[in-house]
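Below, chain A partners chain B and then partners chain C, in two separate complexes.
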Partner chain A sequence: MEIGFFKTAAALYTVSMVLSFGYLLSKKERLSFWLWKILSVGLFCHVVSFILRTRTFWQIPENRYFLPINTFFGALSYLALAVALVFWVVEGRHRLNILGAFVLPWACLASGAAVVFADPAISGLVPALQSYWINIHPMVLMTAYAAFANAFGVGLALLIQEHQVKSRKPSLLCYRLPAIEDLDQLNYRIIAVFFPVLTIGIIMGGVWAYNAWGRFWGWDAKETWALITWFVYVIYLHMRFFGGVRGRKTVYVSMLGFASVIFTFVGVNYLSELHGYLSSKG
Partner chain B sequence: MNIVLAGLSHKSASVALREALAAVGVPTVLERLAAEGWEEMVVLSTCNRFELYTSTLALPSGEDPAGTRNSVQGAATYNDVETMRQLLEFMENLCGQSLGQVVYQKSGQEAIHHLFSVSAGLDSLVVGEAEILGQVKQAYEISRQMGRTGKSLNTLFQRALYVGKLVRSHTGISTGQTSVASVAVQLAQKIFGSLSESQVLILGAGKMAELSAKHLLSGNVKRLLVSNRTREKGVALAQKFDAEAVRWEAFPQLLEQVDIVIASTGSARPILTSQLLGPVLSSRRGRSLFLIDIAMPRDVEESVCRLEHVYLYTLEDLKEIVEENVSKRREEFAGARVLVEEELLKFCERDKTRVSYVEKTQAGDARI
Partner chain C sequence: MTVPKGTFSLFRSVRFNIFLFSILAGSSALGTFLPQVGEAPEKVEAFLLAHTAWGPVLNSLGLFNVYHSFWFMGLLGLMAFDIVVCKLYKTPPDAGLNHLPPEFSVQEKPDARLEAVLDLKPYRSQWKTPQTGKALEHVLLGFFEKRRYHLEYSQSSGGVRLWVGTRHRMQRWGSYVSHVSLVVVLLGALIKTIFGFEEMVPVLEGGSKLAEHMPWEIYLDRFEVSYYPGTMTPSRFSSALRVYEKASLKRAPDGKDWYEEDPFEEGRLLAQKTILVNDPLVLPAGPGKLGRVKIYQASWGAGGMFRSVMLKIGERTLEIPQRTPTLVPGTAIRVEADMLLPSFVVAPGNRAETDSLELKNPAVRFIFHHQGNKTSPLWLFKNWPELCFAEGENGVLRHAPPPPFRLASVEPILFSGLQVGYDPGFPVVLVGSLGLLVGLSSLFYLHRRRVWVLMKPGGSGSAVLAGAWSSRGPRDFQKEFDGMMTELKVHMGSLSETDRSRKKHGELNRV
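Right, the complex of A and B next:
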């Protein structure tokens, strides 16, 4: 049943994404209203599916009280949930439904990939993962990743808006999108708030690695790429804080950071021995 | 019910005449109408139009209102003609001149159609402008508060306000700004968001500078600065808008702080050059700078627009946007008119049902 709820959530995310495109390109406020309602229902279905999945997961004794994110399906599902939830909270609070067209595709992509490519079967946790850290370390990191997906969407909107105003021949899109400075601020705020979350997540990984494997850092591919991601965002914050750089250039860096996030999340699974659990390699 | 209207607008009357009538003030007009025995009246008085609306059920006392109800669909009845004549006479008395050529008089469906079109902005100087809807609402509210509206005018005006909103939300008739200054303000808002923290520097003290200052103040900017080569003129303009006057020599330093610069000097050579702005930008730490060049010949060097975080718009750019918006509105005009006509039919149908119901009840009452 939890798969049914999950598929419904994925479908609703897709519908609200389509509506958000419609809202971006037309002037119909009604679309924004429905986009929000449908996204909310999608989020609700997703949470229900997550709870049901956790309950089934706990029926295997060794899985008891750990969250079901040990598979690619579980991880993608949580990521989609986090992306949609961060959007719901951050953009919703700023009344920026219009940015749905830039952010919701990521929620659709993650949930869609889970439906199409990932095996939703539930299995017992391998002993190495039977630690309370599994409830914290991946969740914290994926929440940061979801926030960076939002920052990416905001950055993309900024690039488009900057181009629109700079062109001296703004199209309808210009009047639909938020102001350049507002987008710049939002992009910065999301990264500034979630960068510490990323940092804490990585440190937690280190602590867990110390407990499990007896070393804090081992240059495993996942660890290396997480560090690269971290450095890219350090460069971003450094540029903003000390370099007095804003706008387009910083957005490029934040986009590079997000590319690195995607690689760390997906690509590295095929390289890493220790973090290969998602590709069932580890 | 039957609606009768007499009025004049920017299409028929001169500015002087419109101004003279607008100056009278709605409450005064309403009181004078009441003194002459008009019971139900709404006075729509703006700088572009002066219109009197009444229902012929509410003729000046002493008149016979019989037979007025049957003309919703049909031609003007004797009563309507009489009402229109009296309204014209009233307006002539009000401004003290003959108005036979400039006043239009409508009754029945035609009058309702006119009010719907007015409130939808189809009869405005700038098609689809939003202000008129508020003015119709205000005209109605004043009459209502003074107890000058009865059931028919209440129904009519509430419907007209609804139609005005409907047309604006269902067609593109009111999208896009249609004046250079409002386009500039809108663009500024697309760069900075709220303008409440923005500082504006005006270079020059001519008429255009004054006009833009006026519009930007409606956007409630944080600080307005004026710099002019002839200091006295700059000071005079600054005083007019409660702005700060700055010495001409000092303005380059100000470029580090301000967000919007409006250039409208009479200088023969560009004042804001890449050479001047380049060093300034590095100390602005990436904040956007919006340059509006409304001078002829130009005050801002063209190459400036290639600098990062600098957004340059010239008078031609702004005019082009205005023209585009106006033509977009024109495209929407036909659709808007169809919508108004549909609403008119709906309204008249409903009115007919209401009237026949009233007639039936009255017939029933008569039998009893």
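Right, the complex of A and C next:
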């Protein structure tokens, strides 16, 4: 039943995304209204699916009181939920209306990949994951990743708007998109709010590793790539804070940061046995 | 403390910092794509064999041990040095009065008039009020206290008074604290590198082994592994341990190995516990050492030894201990089981190998003895009863017809991989990490605002000039500043309640 709810959520995210593109390319305000409503229902279905999955997960005694994110399906599902939820919060606060077209594709991609590629079967936690840290460390990191997906969307909107402003014949998009300064500020605010979250997530991983294996940092591929992501966002913040750089250049760096996030989440599974969702070790 | 200008100018440049972070990120990434000695030495060897031309070049550059190479350590050290230099040069503004906005220092504008100071503010407002003197100050104090601003009286020169109100003053320390904390984290890592150790002690069930760094003998009384039903996914590992400290253990002249002066010494029992993953055994590190040594359940496996195997011959089952030729009942044939491979694979050159120490595909080698002759060894599989390989004298495998017997079960002697770790730098890393979080949180989550209010007596009242600075962008603070100034004007009697309401709804332009 939880899979049914999850597929419904994925479908509603897709409908929201289509509506957000429709809103971006047309002048119909109603589309924005329906986008918001449908996304809210999608989020509700997703949360119900997550609760049901957790209940099933807890039927295995060793899994009790831990969250079901030990598989690729579970991780993708939580990531999609976090992307949609962060977007919902950002959009609710700033009411840009157009942001959905740049952010919701990531929620659709994550939930769609979970439906198509990942095995939804529930499995028991390997001994290393039977720790309360599993309820905190990956969730915190994935929430930061979801926020960076939102920042990526805002950055993309900025680049498009800048191109529109510079072009001699700006299209309708130019009037739909917010001002470059607003987008730049929002991009920065999202990164600034979630950079400490990324940091705390990495530190929590170190403390967990120390409790489980006696080392805070082991240069495993996953932790190394999380650190690389951290460095890229450090570069972004230094450029803004101390270099006074704004606009396109910083957006490129934030996009590079998000590319690093994607590699940390997906690509590293092929490099790390310890953290890989494709491995039973851990 | 301030370092003179011009000193270490390279390290203070933003460009250099960004370059350094980029190099660190890039070289960290490199280590994830190339095999590393600490993680997979066999892969490094295979890489060097496969790339004879440039493999040794990469090796000489330390690219197979990136994170412990001299140049990577040097980069981390350079980052720490860079942070120290930057933060020494640019300490946060002093905690006392600061009349100028943070982007201007008093040294740069020593003769700045107070009015000129306010010209520098990105937010500005001015008006006249009928109030003067103490009454006006009282209004101002009440106004800022209600908004939890820290208010400081600046100076009175020719009747001009300046008040500076600040909210979230701690924010200015955020950058400083987070940078210094990062150096503390690196210091903790350095302490571990110098004084700490990590070692893997594999102990066979029922056996014991000496630790490398401590005069300890670790006994593994029992190792248990359980799986989720119907799967090969382990659900629990546990090792029942006893740790003895042996006074007669002395270092050999090479300084590495131990030798026992009294081989019969039992030692002093330090501790005993059944450890689990995430639940280690914690022991004091000994006199003169800070912190504790922990013994972790890190890995496990089957090393090739077993107690016995069960061979099914027709309806009979024969138990065969390892390397003990056993008579097959009713025949003159003796059968011997000499080797176990826990995860059998056919390696290049058609040789038997194991690709893991976990019992993924257990296979046992049998040799049959008859009248003083031996047959070629045969490999039988627990999971594949129809499969059989014969092993030639040179170790080359070839398929053999299914034998009239099969391997029913094997009882391996497992080993537990115990990680013994001592990290006196961990508390330092933890303190640094907490500092980093506090610093980043105050830097990004606190919104520092500073409002300057200058009051100049004139005519029947006073002229008020206000300016402000915010740690966030103008779009975040402009609305708040406008609202505050409107409120202040009402408090000072410069604006009526009706005007305030109209202004709030955008009907009145700025006063």
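To be clear about the criterion, the second predicted complex is superposed on the first by the 275 of 282 C-alpha atoms of A that agree within 3 Å, B and C clash if a C-alpha of one lies under 4 Å from a C-alpha of the other, contacts with A are read in each partner's own complex, and residues count from 1 in each chain.
Everything below uses one rule, namely that a residue touches a chain if its C-beta (ideal position, glycine included) is under 8 Å from a C-beta of that chain, and two chains touch if they have at least 3 such contacts.
Predicted model, so just to flag it, every value in this text is computed and none were measured.
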Fit-or-clash call for chain B and chain C when the two complexes are aligned on chain A: fit
Contacts of A:98 with chain B and chain C, given as first, second, both or neither: neither
Chain B versus chain C as contact partner of A:247, first or second or both or neither: first
Greater chain A contact set [chain C / chain B]: C
Partner chain in contact with A:175 - chain B first, chain C second, else both or neither: first
After the two structures are overlaid on chain A, angle v-u-w for chain B, chain A, chain C in degrees (C-alpha centres, nearest 10): 140
Chain B versus chain C as contact partner of A:45, first or second or both or neither: neither
Contacts of A:110 with chain B and chain C, given as first, second, both or neither: neither
Nearest-approach distance, in Å, of chain C Cα atoms to those of chain B in the combined model: 7
Common interface residues of chain A - those touching chain B in one complex and chain C in the other: 181-182
Chain B residues within the chain A interface of the complex: 172, 175-176, 186-187, 189-193, 282, 285-288, 305, 308-309, 311-313, 317, 320-321
Chain A to chain C touching residues, read off their complex: 60, 62, 123-128, 130-131, 181-182, 185, 188, 192-193, 195-196, 199-200, 203, 206-207, 210-217, 219-221, 224-225, 227-228, 231-232, 234-235, 238-239, 241-243, 268, 271, 280
Contacting residues of chain C [partner chain A, same complex]: 14-15, 17-18, 21-22, 24-25, 28-29, 31-33, 36, 38-39, 67, 175, 188-189, 192, 198, 228, 231-237, 276-278, 280, 294, 296-298, 419-421, 423, 426, 429-430, 433, 436-437, 440-441, 444-445, 473, 475-476
Residues of chain A that touch chain B when the two form their complex: 27, 161, 164-166, 168-170, 174-175, 177-182, 244-249
